[in-house]
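Please go over the structures that come below.
Here come two complexes built around chain A, the first alongside chain B, the second alongside chain C.
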Partner chain A sequence: MDRAVQQGDPAIAERRAVAPREREGLLTLPLALFFLLFFLAPLGLLAGISLRVTPQFAGWGPQQYAKFAGDAFNWSVLGQTLLLGVKTVVVTACIGVPLGLLFMEAPRRLQPALLFIIVLPLLTSVVVRTFAWIVILGREGLLNNVLMGLGVVTTPIRLLGTELGLVIALSQIEMPLMLLPLISVMSRLDPNLKDASAALGAGRWRTLFRVTLPLSLPGLVAGCLLVFASSVTAFVSQTIIGGGRMVLMPFYIWQQATTLFNWPFAATLSMVLLVSVLAVVTTLNALGRRTRALAAG
Partner chain B sequence: MARRSTGGDISYRLVLGALAGVALLILVVPVLVVLITSFTDSRSLRFPPPALSLRWYRSLFDPVQSAQIHTAVWNSLVIAFSATAIAVTLGTAAALGIAGRRAWWAQTLDGLFMSPLVLPTLAFGLAALMFFSTLGFPLSIPLMILGHVAVIVPFVLRTTIASLSQLDRGLLDTSASLGAGAFYTFRRVTLPIIRPGILAGAFIAFMASLDNVSVSLFLAGPENDVLPIRMWSMLESTLDVRTAAVSGVLIFSTALLVVVMDRIVGLTRRIS
Partner chain C sequence: MSTPLLSRRALLAGGSVLATTMLLPRHALAAGRVVTPAYPGPWEEAYRAVVLPAVKKTADVDTVITPLLALDQVAKVKASRATPPLDIFMLDPGPAVVAIEDGLVDKFDPARCKNIANLQKTFYDDWGVAVAAQIVGIAYNPKKVDRPKGWKDLFDPKYNGKVGISGFGTTFGTSSLIEISKQYGGSLTNVDPAFEQLKKWLPNVAVIAQNPVAVNTLFQQGQMDVTYTNYQTVSTLKGRGVDIEFVKPDSGPIAFYTTLHVVKNAANKDNAYKFIDTVLSTEVQAALQKPPYSLLSVNKNVPLQPDMPVDIVKSHAELASFIHHDWTKINPNRAAWIERFNKEIRQ
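Moving on, here comes the complex of A and B:
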C-alpha cells in the first residue's frame, strides 16, 4: 500500500481516494460498536470490580491491590507466569529461527509440505496437543522410554508437573505463532543480499547475524509477542502439564473466581496480568518499530 | 571468487540443521503419538500401546456412554459456526474501512480490533462472565457466541486486510466509471478478489473458536458445555483414554477440512 502511494503521483492518489473512501470508513462502525459493548465494557467492569473492597462488593478502594502487593506468594505467581512466557519465547525462537531458515532454503516443491508441518499444531486442538505431551512426558512415556533405551538415564525422570516439561510442550504448542510471522518477513528478503554478503567474504554465521537476522527482526519480534501472550494465558497446558505443584496466574484467577467466588481479587489478579502483559507487549512493539526503522533506513 | 568452505560453514550447517530437526520432531511427533495412542487396547496411556483396538472409538461413539461429549461437540460446533459467521460479517466490513488508511482513528481501531491476539484472553473471559452476570443474563450459548466473536475477529481482519492491500484501486474506479454502484462493485469486483483472504481468515477463526478455552472456561456451564472444557476436565480428573479417541476424530476431521478448504480457496483463486 505505501509503495503504491510512493510510486504514483500523490495528487492523483489523493483525488482518487475521496468520495467512496470516505463512506467506506463508516463500515468500521458495526465492529467498533461490538467491541465497545462486548469487549471494552466488560474490561471496564473488570477494572471497576477490582476496586471493590470486599468479596461482597462493599466499598471502593485499592485494598485488593494492596492485598496483592502485600503477599510475596502473589509476586512469585506473577513472576513465574511471566518467566514461563519468556522461557517459552526463548526456546521457540532458538528452534524456530533455524526451522524458518530451513524453510527458506528448502526447494520450492518441498515448501508446502514444510508449511503444513509448521501449522500442524494450529490444526490440532490445544487439548489434543496437551494430551500428546502427557503421553510423551509421562513416567512410562515415549521420552523416558527412549532415554532409558539409549542408556542416558537409568530411572524415569520426572517431566510431568515440572516447568521443564511445560516449556517443552508449550514450545510445540506455540511454534506456529513464532514461525508464521517470521517466514512472512523472511520470504520478502532479497536473496541477493545473502549472496552479496558471501561475495564480500562473510562466512555463513556472519551473514546470519549481520544480514539475515537483523532484517528479519520485525517478524521475529511479532512472533515473540504472540508466543509470549499465548503461553502466559495457556490455561489447559499449564494446569495439566504443569500440574498442581505450579500455581500460575491463569489458574490462580480461575480458582479465585469460580471456587472461592472472590470476584474483586480475581479481577485484581486479571488486571495485574493484563497490565504486565501489556507492558511487555508495548516494550517489544517499540523495539520492533525501532528495528523496522533501522531496516528501512 | 570461489567461496571457501570453512569450518564456520560446516558448523553453521550442523548447528542449524540440528535445531531445525528438533523443531520438526517437536511439531510432528505429538500428533503421531496421539493418533497411535487413540488405538490403544489398554486403560493406561502407556506408549507404545501394548495392543491395538478400536475400543475407545466405540466407547466414544456410544450414544449412552458418551452423551455428555456428544452434547459438548454439538454446542462447540453451533458456537463456532455462529461466531465465525458474525466475525466474518463484522470483520470484512471493518477491513474495508480500515485497509490502507493512515488516519489516526483507523490505526486506533486496528490496534483495538487486533488486541485480543496479544492480551491474556483469560482476563477477558473473566470480564465477560462478570459483565453478563452483572447485567443479569444467565450463561447461555448466545452469550458464549458473543464472547467468542471478540477473540476470533482478529484472524478474519488480518487476512482480509492483507488481501485488500493487494487489490488494485484502479479496478474499483474503472467499475465506478462504467456506472456500477458501490455495492455492485463490491459484489462483482472486490469480493471475488478478496474471497481467498476472507475464507482463510474464517477457517482460522472457526478453528480458534472450536479450540477456545480462555473465554469458554468462564462462560461454559452445565447447560452449555463445550468440547475443550469437557476434554480438559476428562484429562484433569481421570486421564480418560477417550480423550485420545476424541483427539483422533478431531485430527482426521481437521485434515479433511484443510483439504476441502484448500480446494475451495485454490478454486476461487483460479476463477478470479
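Moving on, here comes the complex of A and C:
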C-alpha cells in the first residue's frame, strides 16, 4: 500500500478538517445577506438623509446635527429618554433579582408554570398592555381606587402622563426581558457551590452575596441591556402613558417625520438616539465581559 | 442517528406550499381591488360596515381598508411616490394642502363620478371631493361637570384638573387652539394668546393627549371631563354608553370637510373613482350619517335632519355659516406651532 494513504496525506487531512468549518461559515451567508439588505442598507440610507440640509433634500452637510446640538431642548429630550431607560432598568433589576431567586427556590414541578407567567406579558400585544395600564393608572383607575379605599390618599394621585406612571408600566412590560436571561444564568449555577459555601461556614446571606449574586451577574447585565434598549425605544407606551407632557425621543422622531415632514432632522434624531443607546449598550457589554471573567475566575 | 422531528423532505414540501400561498396574488379571486385609508376608530368602523359592502355590490371591487391618520397617509405615499401603497387619500383640509402642494395627488375628474351631480359645486375642486362634514366644539361629561358655554370656560377654575387638551398635531386640536386664541385677541395666524393662556393654566390641565385615539380612551376612563373634539367622536362614544355631550361654543362651532383624493401613480385608479362614486351615493351618504357614525352628509338628497340633533345643526345652509378656517394660511405656521407646543407644554 502507498505510504501516503497509510499514514494519511497531511494536506488531505488538513483539507478535511478545514473544509467543514469553511462550509459552516457559508451557512451564515443568508443571514449576513439579510442583514446587509434589510438592516445595513436602510441604516446607510438613514445616515445619508440625516446629512441633507433642507427638508426638501437640498445639499449635503452636517447642518441638522448642528441644529440638534444648538438647542438645549433637544439635549433635554435625549437626557430624559436615556434617564427613563435607566430608571426602568433599576426598577426591573430590583424586582427581577429577588423574583429570579424565588424562581430558583420554587419546586421543579412549578417552574414551567412560573416561567409561563413570566413570559405572559410578551404574549400580549403592546397596545393591549398599554391600554390596560391606562385602566390601572387612571384617575378612576384600579390603583387610585385601591389607594383611596384604603384611605392612603384622599384625592386621586396623577399617574397617567407622569414619569412615575410610565416607569411603573414599562417595568411590568419589560420585566420578561430582565427575568429570562437572569433565570437562564441562575439555573446553570452548580448547586454544589451553595453547599460548599455552607460547608465552609458561610451563612445564607453571605452565600447569596458572595456566591450566587456574583455568579448571576452576566445574566443581570444581559437583562439590563435588553430592558434599557427596549424601554428607551418603547414608542407606544411612551406616547400613550407618558402623554403630551413628556416629549421623548421616539415620539420626537415620529413627530418630525410624519407631522412636520422634516425627514433629515428626524433621521438626525434617529442617528443620535442610535449612537447614544449603542454607547450605553457597549459600556454594559464591556461590564458584562468583566463580570463573566469574574464569574469564571 | 436519531430521527428528526421533521424530515428534510417534509420541511421542504411544507415550506414550498407556504411560500406558494404567500406568492399567490391575493386579489386573484376578485374582479379588482382598491386600497383606501380610513381614520382609525369611528371612521374605520363606518367605512368597514357601510362602504365596503356597497362598493362590492355596485362595482364588484374588493376594498382593503388601512387605518391611518391623515398625515401618516401623506408620509407613507411620500416615501414611495412611484408605487404608492394607497390608491386613495382620506384627508382633512390641512394635510390635503400638504399632499397637493407636494405633488402626491392626481387631478380629480368629477365627470368620472356620476353621483357628483348630487353635490354642491363648492364640495369638489380640481384635486378632490368632500365626503363628510365635521363639526368641532367642546365635549363634556354631563354627570360630572356643568355644561361649558364657550372656549373661555376651559380656563374656568371650576374645571381645574378636569380639562384635557391636545396640540397642533390634529385638525380639531389646531382649529380649537386657533379659536381659543381668538377669544384672547389672537387670529387665524396668531396663536400667541392661546399659548399664554395654556402656559398660565398648565398645572390645572388634567391630561395632554398626543393623538386623537388616546383622547377617546382617556375620556372614557374618566381621565378628563372636558375637552375639544369632533361631534362625530362624541356621537360614537355616546353610542357606546359613555356619558358625553357636545357643546357648540358660543363664539361659533368650527366646521370642515374631510375629502377623498386619488393618489398620483395609484395602481387602481379606475377602482378609486368607483369607490369615491359609491361613497358619494345617496344610499351610502344616508347610511354614514345615521348615528353612531354621524358622518354629516354632503349629498343634497340626504338632509341633515332628522339624523342630527336640531341644536347641533339643522341644515347644510346652517353648516355653511359655521367657522371655516383657511388652511393655506395655517399650514405655513403649523411646524413652528407644533415645536413651540412641545417646548412650552413639557414639564
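Heads up, the rule we're going with is that the second predicted complex is superposed on the first by the 274 of 297 C-alpha atoms of A that agree within 3 Å, B and C clash if a C-alpha of one lies under 4 Å from a C-alpha of the other, contacts with A are read in each partner's own complex, and residues count from 1 in each chain.
The rule is simple: contacts are C-beta pairs under 8 Å (C-beta built on N, C-alpha and C of every residue); 3 or more make two chains touch, one makes a residue touch a chain.
Please read these numbers as outputs of a predicted model, since none were measured by experiment.
S.K.: In the superposed model on chain A, is it clash or fit for chain B and chain C?
M.R.: Result for chain B and chain C: clash.
S.K.: Looking at the overlay, what does A:160 touch: chain B (first), chain C (second), both, or neither?
M.R.: second
S.K.: Who wins on chain A residues touched, chain B or chain C?
M.R.: Of the two chains, more chain A residues are contacted by B.
S.K.: Looking at the overlay, does A:134 come into contact with chain B only (first), chain C only (second), both, or neither?
M.R.: After superposing on A, A:134 lies in contact with both chain B and chain C.
S.K.: Could you look at A:113 and tell me whether it touches chain B, chain C, both or neither (first, second, both, neither)?
M.R.: A:113: touches no partner chain.
S.K.: Is A:69 touching anything from chain B or chain C once the two structures are fitted on A? First, second, both or neither.
M.R.: In the superposition, A:69 contacts neither chain B nor chain C.
S.K.: By the touch definition at the top of the document, which applies to A:239: first (chain B), second (chain C), both, or neither?
M.R.: Both: A:239 reaches chain B and chain C.
S.K.: After the superposition on A, what does A:24 contact: first (chain B), second (chain C), both or neither?
M.R.: In the superposition, A:24 touches chain B alone.
S.K.: Identify the partner contact of A:281: answer first if only chain B is touched, second if only chain C is, both if each is, neither if none is.
M.R.: Touch status of A:281: first partner only.
S.K.: For A:258, decide between first (touching chain B), second (touching chain C), both and neither.
M.R.: Both: A:258 reaches chain B and chain C.
S.K.: Quick one: from 110-118, 200-208 or 236-244, give me the piece of chain B that collides with chain C in the overlay.
M.R.: Only one listed stretch clashes with chain C, namely 236-244.
S.K.: Could you tell me which stretches of chain A are touched by chain B in one complex and by chain C in the other?
M.R.: Overlap of chain B and chain C footprints on chain A: residues 131, 134-135, 138, 140-141, 239-240, 257-258.
S.K.: So in the complex, the part of chain B that touches chain A is made up of which residues?
M.R.: These residues of chain B touch chain A: 1, 3, 6, 8-9, 11-13, 15-17, 19-20, 22-24, 26-31, 33-34, 37, 44-48, 89-91, 93-94, 96-101, 103, 105-106, 109, 112-113, 116-124, 126-131, 134, 146-147, 149-150, 153, 165, 169, 172-173, 176, 182, 204, 207, 210-211, 213-214, 217-218, 227-228, 231-232, 235-236, 239, 243-244, 246-247, 250-251, 254-255, 258.
S.K.: What residues on chain C touch chain A, complex-wise?
M.R.: Of all residues in chain C, those touching chain A are 71-72, 74-75, 78, 98, 165-167, 169, 206-211, 214, 217-218, 221-223, 334-335, 338-339, 342-343, 345-347.
S.K.: Which bits of chain A are touching chain B when the two form their complex?
M.R.: 1, 16-17, 20, 23-32, 34-35, 38-43, 45-46, 49, 94-99, 101-102, 117-118, 120-136, 138, 140-142, 145, 168, 171-172, 175, 198-199, 203-206, 208, 225-226, 229, 232-233, 235-236, 239-240, 249-250, 253-254, 257-258, 263, 266-267, 270-271, 273-274, 277-278, 281
S.K.: Give the list of chain A residues in touch with chain C in this complex.
M.R.: Spelled out, the residues of chain A in touch with chain C are 73, 131, 134-135, 138-141, 160-161, 239-240, 243-247, 251-252, 255, 257-262.
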